[in-house]
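Lettered A, B and C in written order, each chain numbered from 1.
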Amino acid sequence: MSEVILEIHNLHKAFGALQATQDVSLTLRQGEIHALIGPNGAGKSTLIKQIAGEIRPDSGSIVFAGQRVETWDAAARARAGLARSFQISSVMPDYTVLQNVVLAVQGAQGRSFGFFRPALSDRHLTDPAQAHIAHAGLEGREGVTAAALSHGERRKLEIAMALALQPRAFLLDEPMAGMGPEGARQLTPILSELRTSAPILLVEHDMDAVFALADRISVLVYGRIIATGSVAEIRANPEVRASYLGEEA
Amino acid sequence: MTLLLIEQILNGLQYGMMLFLMAAGLTLVFGVMGLINLAHGSLYMLGAFVCAAVAGFTGSFWLGLVASLIASAAAGAVIEVAVIRRLYARDHLDQVLATFALILVFSEGCRWVFGSSPLFLTVPAVLSGAVTFPGGLQYPLFRLVIIFVGLAVAGGLFWLIGGTRLGVRIRAGEADRGMIAALGVDISRLYTIVFALGAALAGIAGALVGTLQSVQVGMGEPVLILAFVVIVIGGIGSIKGALIGALLVGMTDTMGRFLLPMGFAQIMDPAAARGVGSALASILIYLLMAVVLVVRPQGLFGART
Amino acid sequence: MNITRETVVNSAVLALLVLVPVVAQLRGDPFTITLATKVAIFALAGVGLNLALGFGGLISFGHAAFFGIGGYVTGILASHAANYEPLFDGAFTVNGTQQMLLIWPIAIVVAGLFAVVIGALSLRTSGVFFIMLTLAFSQMIYYFAVSWPSYGGEDGLSFYTRNQFPELNMFDPLNYFWVCFTLLILAVGLSAMITRSRFGLALGGARQNPQRMASIGIRPFWLSLTIFVISAMMTALAGSLYADLNRFVSPAMLNWHMSGEIMVFVILGGNRRLLGPVAGAGLYILAEHLLGQFSDYWQFFLGLVLLAVVLFAPGGVIGILTRRRGDV
């Protein structure tokens, strides 16, 4: 099997009496899309936040690209190459598409304390930004402010910003939420292509998309991973069918 | 020396209670409506002016007190409906500016109506004079009354928030605005009531303090800023925090002004000690605030964000 | 396009600010020149605050602290120099000075140091806490100035001659106006440069969505602290010029009313617009002058106008003139 980029061991997180994450271990390998599914309230977002560094786990370890990162803050993990998109579109609303992506390129370069040259005429920023915008399918929309984008376009902008970090792994939290079937169909090939840049840990409710995209699936129920396997294995797993797919149907 | 110390402790307590009356309204308004209200000090000033004017006209402090209560509550309700209501959905910057504008309007309006020279309020005969404690300490009765009024208001607020229907709604409003609307509570009326309640507390504080100091334009502003310090220390939205914070600030300030100059007099000449001591005492509460923030940025009783 | 429209308005604002004192000079009217100088100085303070408030989204209600620190540094250095009393006399001697070119950097650095401490503490919080903290820290400095007897305490500190600038007679009101105006233009240029730079881009991002910044690898805290300090330094320079204009400093420069006024300059003109504070300060002084003539209670009307601007015209004057909502 190919190289493991992200490795999570025995992660625990409790909020008071609520066990949000219980003994979770999973891996993300080079070149794959690893989908994380589970019913609402299963703790998917909590898990993503711990991996991204927005909340601290109570115990357990997170190894990213060979380094223990569980004590790093979110900015440090982002700079190490862990790119994340948000469940609710989270971009800079007053900025144009170009400004948003240039900002992300700048974040990846780690140089935000330049005071003299105008950022938008710096080819070291704009050239890569243009490439990422094209890659995410937003060509021709560079000058539009993020607030004026359609929902689907904003999702694409998120992906362009994630690409700008030149990440070694993506954490995508429901990238298709609220896009409708048409939008989801458009985004599926983009995500599929994205895995050639870096592997993806994908949280998604759209089961068609998950089954179409994922190489492996982990099922999270009440903070615990009850099964991990290929699409076929997960479809066939009786425990998953009972506790999760059963509820959906 | 001991008597002096006890007297200063009582002064600190009285000061703290006065600050609590101010801070309680501020913290309620912020907790329930998410509004930062700089004009709170103007309502304090208004209470003092109305009390002084009515007491001067009728000769009765009590009528003045009642009038100040009514006037400040009414002014609170009026500005809530006319101005403040438009600010709930705005950002803090607009709230700061609009309520700063209200301060200008109130201060200049008061100067216009009541004139520029300070007014004076006299303590009613029943409450004037001093109480003699066992041990020989004489302490002004009126300051003790302020302490008791503060305690009574604190008790009343805890009861109101914890044990009444209005309190349930206020707490629900703090937790989730959409929720209480869904439950069919008339939010805009609830907000007007809460704002007028806070205004009335500020008005009483102004009227009571007006008997200890002169009543003049601008008297509300130092108190307002101290009330901010109080709720930053206590934690925004918490009545308990406002009470503890007010007592801490009142005590720290009073004892600092009393003890620091005496302390410095041990190591330098008395005139210089007075200068250094009082300069340091004036910044002591801000140092207290800085320390609290370093240790607990959300304040002593504030919810973690 | 809209951009040229704002450029037209901006040029008109600057032209007016230059024209008024020049005409006043021709008509032998030093009072009006002083008013124009006051506008330039207040505008500079506002340009400073606009960096933190507008571009950084940091609602500082304590910029009077920096305005006053700039003023007090100027007053203290000048009065020591005038009285031939060293500031410090021990192992080595530090003397006061009356040279503006020395006073300005000292005022800027001292205010910058205060801003580092106040900013670092206040930025541990956000939102309404930040507003109250900046307010509280500036009041702390205010009360310190009131109760510290060495430099006049409550009464303030006078110094009887204006400080000096090489080769220029600073007693000529028009010369002093040109000095203040030049510094204002430099500050506006610096603001324009900063807001377009990498730093400005990141700062705007931190203003709009601080949580998102961490996920692209940028920590908003350092951006905010940096702009807070730069902003404080500009406002301190304005404070130094203001002290020299009046040859007097008092705790009033440190009072929270001053913070409110500087904020009013920014908002009246138009938040996050490069020349908003210039238009705002100009209108404020004009209002003070005109309303003050027909009523002693002119601030009552100022309050009503400000209320109307906040409630109904969020883009400020330049916003009305260009009919465009603020963006970067």
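Please note the rule applied: a contact is a pair of C-beta atoms (placed from the backbone, for glycine too) under 8 Å apart; a residue touches a chain by one contact, two chains touch by 3 or more.
Because the structure is a prediction, the values reported are computed rather than measured.
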item: Chain whose averaged C-alpha position falls nearest the assembly-wide average; value: C
item: Centroid comparison with chain B (C-alpha atoms), farthest chain; value: A
item: Interchain centroid distance [CA atoms averaged], chain B/chain C, Å; value: 31
item: Distance between chain centroids, defined by C-alpha means - chain A, chain B (Å); value: 49
item: Distance between the centres, which are taken as Cα means, of chain C and chain A, whole angstrom; value: 44
item: For the chain C and chain A complex, residues of the former touching the latter; value: 193-194, 196-202, 204-205, 208-209, 211-219, 222-223, 226, 327-328
item: Residues on chain C engaged by chain B in the complex (per definition of touch); value: 53, 59, 61, 121, 124-125, 127-129, 131-133, 135-137, 139-140, 143-144, 146-150, 256, 260, 263-264, 267, 271, 297-300, 302-304, 306-307, 310-311, 314
item: Chain A - residues contacting chain C, complex; value: 52-54, 73-76, 78-79, 83-84, 86, 90-95, 99, 102-104, 106-108, 110-120, 122, 125, 145, 161, 164-165
item: Parts of chain B lying in touch with chain C, wherever the complex brings them together; value: 30, 36, 83, 86, 92-94, 96-98, 100-105, 107-109, 111-112, 221, 225, 228-229, 231-232, 236, 275, 278-279, 281-283, 286, 289-290, 293-294, 297-298
